[in-house]
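In what follows, chain A forms one complex with chain B and a second complex with chain C.
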Partner chain A sequence: MKVKVKSWTAVATWRWIANDDNCGICRTAFDGCCPDCKMPGDDCPLVWGQCSHVFHMHCILKWLNSQQVHQLCPMCRQEWKFKE
Partner chain B sequence: MANIAAGRIQRELREVMNSDEAIKNQIKIEFPIDDYSELQGEIIGPPETPYQGGRFKLHIKVPETYPFNPPQVKFVTKIWHPNISSVTGAICLDILKDQWAAAMTLRTVLLSLQALLADAEPDDPQDAVVAKQYKDDHDEYIRTAKHWTTVYAGGNTKNQELEQKVKQIVEMGFEETCAREALSSSCWDVAKAIENLMS
Partner chain C sequence: MSLKPRIVNFEETWGRLLETVQSVIQLGDIKRGTWSDRFSDVYALCVAFPEPHSERLYNVTKLFLEEHVDNLRKQVAGAGESLLSQYHRFWQQYSKGAAYMDQLYSYLNQHIRKQKMSEADRNFGAFTDTIEEQLMDIGELALDIWKRLMIRPLDKCLQELLLREMLKDRAGDDTQHTVLHSVINSLVEVEQYKKKQQLKLYQDLFEIKCLEQTGAFYRKESARLLQDHDCSQYMGKVLQRLQEEQLRSRKFLHPSSYHRVLEECQKRMVADHMSLLHSECRTMVRKEQRQDLSRMYELLKPITSGLSIMVEELEAHIIDSGRQAIAGLHGDNIPAQFVEAMLSLHIKFSEMITTVFNKDQLFTKSLDMACSSVVNKKLSSKHNSCRSPELLARHCDALLKKSSKGSSESELDDRLGQCILVFRYIDDKDIFQRFYARMLAKRLIHGLSTSMDAEESMINKLKQACGYEFTNKLHRMFTDMGVSDDLNNKFAKFSQEKETDLGINFSIYVLTTGSWPLGQSALTPFAISQELEKSVRMFEIFYSEKFPGRKLTWLHHLCTGELKLNYLKKPYIVTTTTFQMAVLLMFNNQDTVQYSELINSSLINEKELSKTVQSLIDTKFIEQNHEGPITENTSFTLNLLYSNKRTKFKITTAVQRDPPQQEVEQTHNAVDEDRKLYLQAAIVRIMKARKKLRHNILIQEVISQARSRFSPSVSMIKKCIEALIDKQYLERTTKADEYAYVA
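Take a look at the complex of A and B:
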């Protein structure tokens, strides 16, 4: 029997690879987005610090903006530096 | 209440209710109002402290900006402790002020308060009178703190001698809470307490 493929639809899944399941700031899963966004994906990315802790970018920016003196990681209180 | 705060508080309430400490009845959280901005917490006094056997109620106010700013917590149950005001219940604890971090939760706050009861910081006092007693006359501090735990937090170490002194002053026409506060502040010296109440 010979089969001829007339058309096909590709389906892919994706997920963030983070060393934690939930964002320590908003407590929602990394597979979802931060509470201010509607869709997970590149519009609501994750960012890593040099201390290896990871957060939604929108969440960590809000935290850093709320800190007047020192910019510390909310998890380990080391100075927050974005990982290159 | 802001989106992020409300969502997080709901998750945190679940976390507290399912925690080992809550199952062992050591911490508790209730939310009398549906918007989650005002909560009621409860912690038990840690064993081998003057607060053992007591249940201490807390008022927790969650700001719109939570978790970027700490919750405002104070003791509703009266308590005799160097870092907690014996009059207002205001708490002096770094993580509720400048040492707050967004990764902390209601559960870690309640556990930190339990740790504070077990390990006071008399050099950073909220109640200077209690802190002075803690440092200068530690036995007297323990006796007073135990008495307050029994009277206000449902502890079970009755102290007839102290009760008798309170009664003595109440019979002179003073309010019981004032009488107890004056006696506690003057190391249970009745004459000195009356002098304080008169001035």
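Take a look at the complex of A and C:
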């Protein structure tokens, strides 16, 4: 071998893969953060429900806390369960 | 002796009393026993049976005092030249005597006070003024008599003499200080029993005239001084005069007059010549004549708005010298020179303000204004931006970059602190932030920082200066580096567990999209070389396991690798970009590679690839087989004779050195975009709170909100308002120039 790779330092950026551009609750982009946060990224994560809908974690928690009886997905009205 | 009221022979008792009183008023020697006896005599008279003799006692005492004072006055009036000292001697005696008398008559005083009170009760609702003569305490009575019979008749005479003595003192002749002081203050002391307007007599009789004379004297004096001296000398003389005058007033006058006299002097010698001083001011400031300036400061400070011209002149001077210094910058390392120039300007003038202007706030403020005017000077009227934010950011970059000249931690910290000083004056802080972020990103990704502690401390300094919001992206970038270290460790463990050998030493930086100023424009398709592919695949598996729901985008143009070159005389280890690596790896299987092969196997776009190939040709790693522009058929061979003194080095690339002008322009455009968003957000925030607002008020509010980051132009705000109206966030109301928020 004339040339051999010794080491490689890679650079990558990450973003959310969601099936929608915007959070269905706060209507801001998933690339951004929920209205209560200042910085997108690790501090304002997304969560997926078993019904496959995605929200900002802060948004869906706020919604669930406001529901007295059944905890339903705000998009499809199925019972909300966090996807494992 | 009993305290019971009894019949008292007035004549006899008064006779005894008079003898003592005569002695008291002249401060004669009185035995303790006699004093007590007389004291009880007064008591006895006041409570005498069947009729108390208090009123009679009062009257005869008054008569006695009047006679006494009248007598004294005759002596004083006849004293001629030594009138003042005679008066002084008598007054010293009389005033003390009167005080003792007051004590001797203290029972009578009580008695009178009681009577006054009951009288007031009786006269409740009636005019109290109608009482012919209010009875006074004996002490007061004595002083009142002195006023009526001594001062009043002699007032003109006293006044004249006092003024003459003051004048003599000013002229430098000797005067009897104590005499003057005592005479002048007698005018106040004589009124000490009065409840209000104690100073009226003093003011009417003496102070007004005294001030007039002072004014007249110094008007002449200043005219005289100005004839013989230039401005600088004049100021020296005036300061001396003022100091003398202050001492003089302490020596002679009542404390209430100190500032009045001083004011009068200042008015005559300074305020009246304001225009002259102000006209001299410019040259003094320009020539930085410290002594003169400090004198002038001292003179003008007490005068209302007297300093304003000086402050303006200084500001103009700082601005001029600052601009000169900045305009004179040339040659290498302009960023460092710029910061140095600003610093020395600031240090020089703040030192001057401290020593010459007593750290006066007015001047400190003018320094701030001047500095920010120098820093924010626009390049030209056409250019709407200035280079300072960029220069400062570049200077910070140079400081924080690894360099050969090692400076200690504390030295570096000091220098960064100095950068903050300049930073505070910058209006367009957002431009600085953009440049700084770009450079920080480069330092972090390419591992160029001299120390992470210094990086962090700088970010914290910026945060202190400008707030959390300003630096949160910088912070994020910084923490991403820590997170990536952590990820690398975890990934190493992960691949160990999976028992996969990646074949290379792999590490990665995973960055948060949006926090890093990395344009997507440089992205190009890239077929990952075989040697790297395994690492990429493994890491993606690892990452998606650890963080489901996240997608990685590989930024190959930022990746770097180390290659070991085995085909030369010595083995070399070189640091390259991923693209250079890909090209070099192609030569593993063949000695000659065609350009079209490179295109097809690497998939790198034309622009990047040609740059990469060019960089390898420039550094003589590969050779182009035929002269001329590179086409698809151009072929390249590996330079087998390559040699370098060092065995470990970096292939310098044109790829990494992006053309500065383009970068600057990009940055400015990005800033403009950011500003528009920021302004729109600000407008919506304001309108949401206020519902309806006039155009001008809205603009002002927006400017004040944006001030900490940049100074927006009105036209930009107008455009933003238009945009918001288009987007139906706002609407125009029926009134002209008014907007309403649309919910």
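To be clear about the criterion, the second predicted complex is superposed on the first by the 72 of 84 C-alpha atoms of A that agree within 3 Å, B and C clash if a C-alpha of one lies under 4 Å from a C-alpha of the other, contacts with A are read in each partner's own complex, and residues count from 1 in each chain.
The rule is short, and it goes like this: contacts are C-beta pairs under 8 Å (C-beta built on N, C-alpha and C of every residue); 3 or more make two chains touch, one makes a residue touch a chain.
Predicted model only: the values in this text are computed from it and were never measured.
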Which of chain B and chain C A:W14 touches, first, second, both or neither: second
Partner chain in contact with A:L46 - chain B first, chain C second, else both or neither: second
Partner chain(s) touched by A:D36 [first = chain B, second = chain C, both, neither]: first
Chain B versus chain C as contact partner of A:M1, first or second or both or neither: second
Partner chain(s) touched by A:W63 [first = chain B, second = chain C, both, neither]: first
Touched chain A residues, chain B compared with chain C: C
Touching residues (chain side chain A, partner chain B) in the complex: 24-28, 34-36, 59, 62-63, 66, 69, 72-75, 77
Residue numbers on chain B that touch chain A, as the complex places them: 3-4, 7-8, 11-12, 65, 67-69, 98, 101-105
Of chain C, residues touching chain A in the complex: 445, 468-469, 472-473, 476, 483, 503-516, 518, 529, 531-532, 535-536, 539, 543, 547-555, 558-567, 573, 578, 581, 584-585, 587-588, 638
Residue ranges of chain A in contact with chain C within the complex: 1-18, 31-32, 38-42, 46, 48, 54
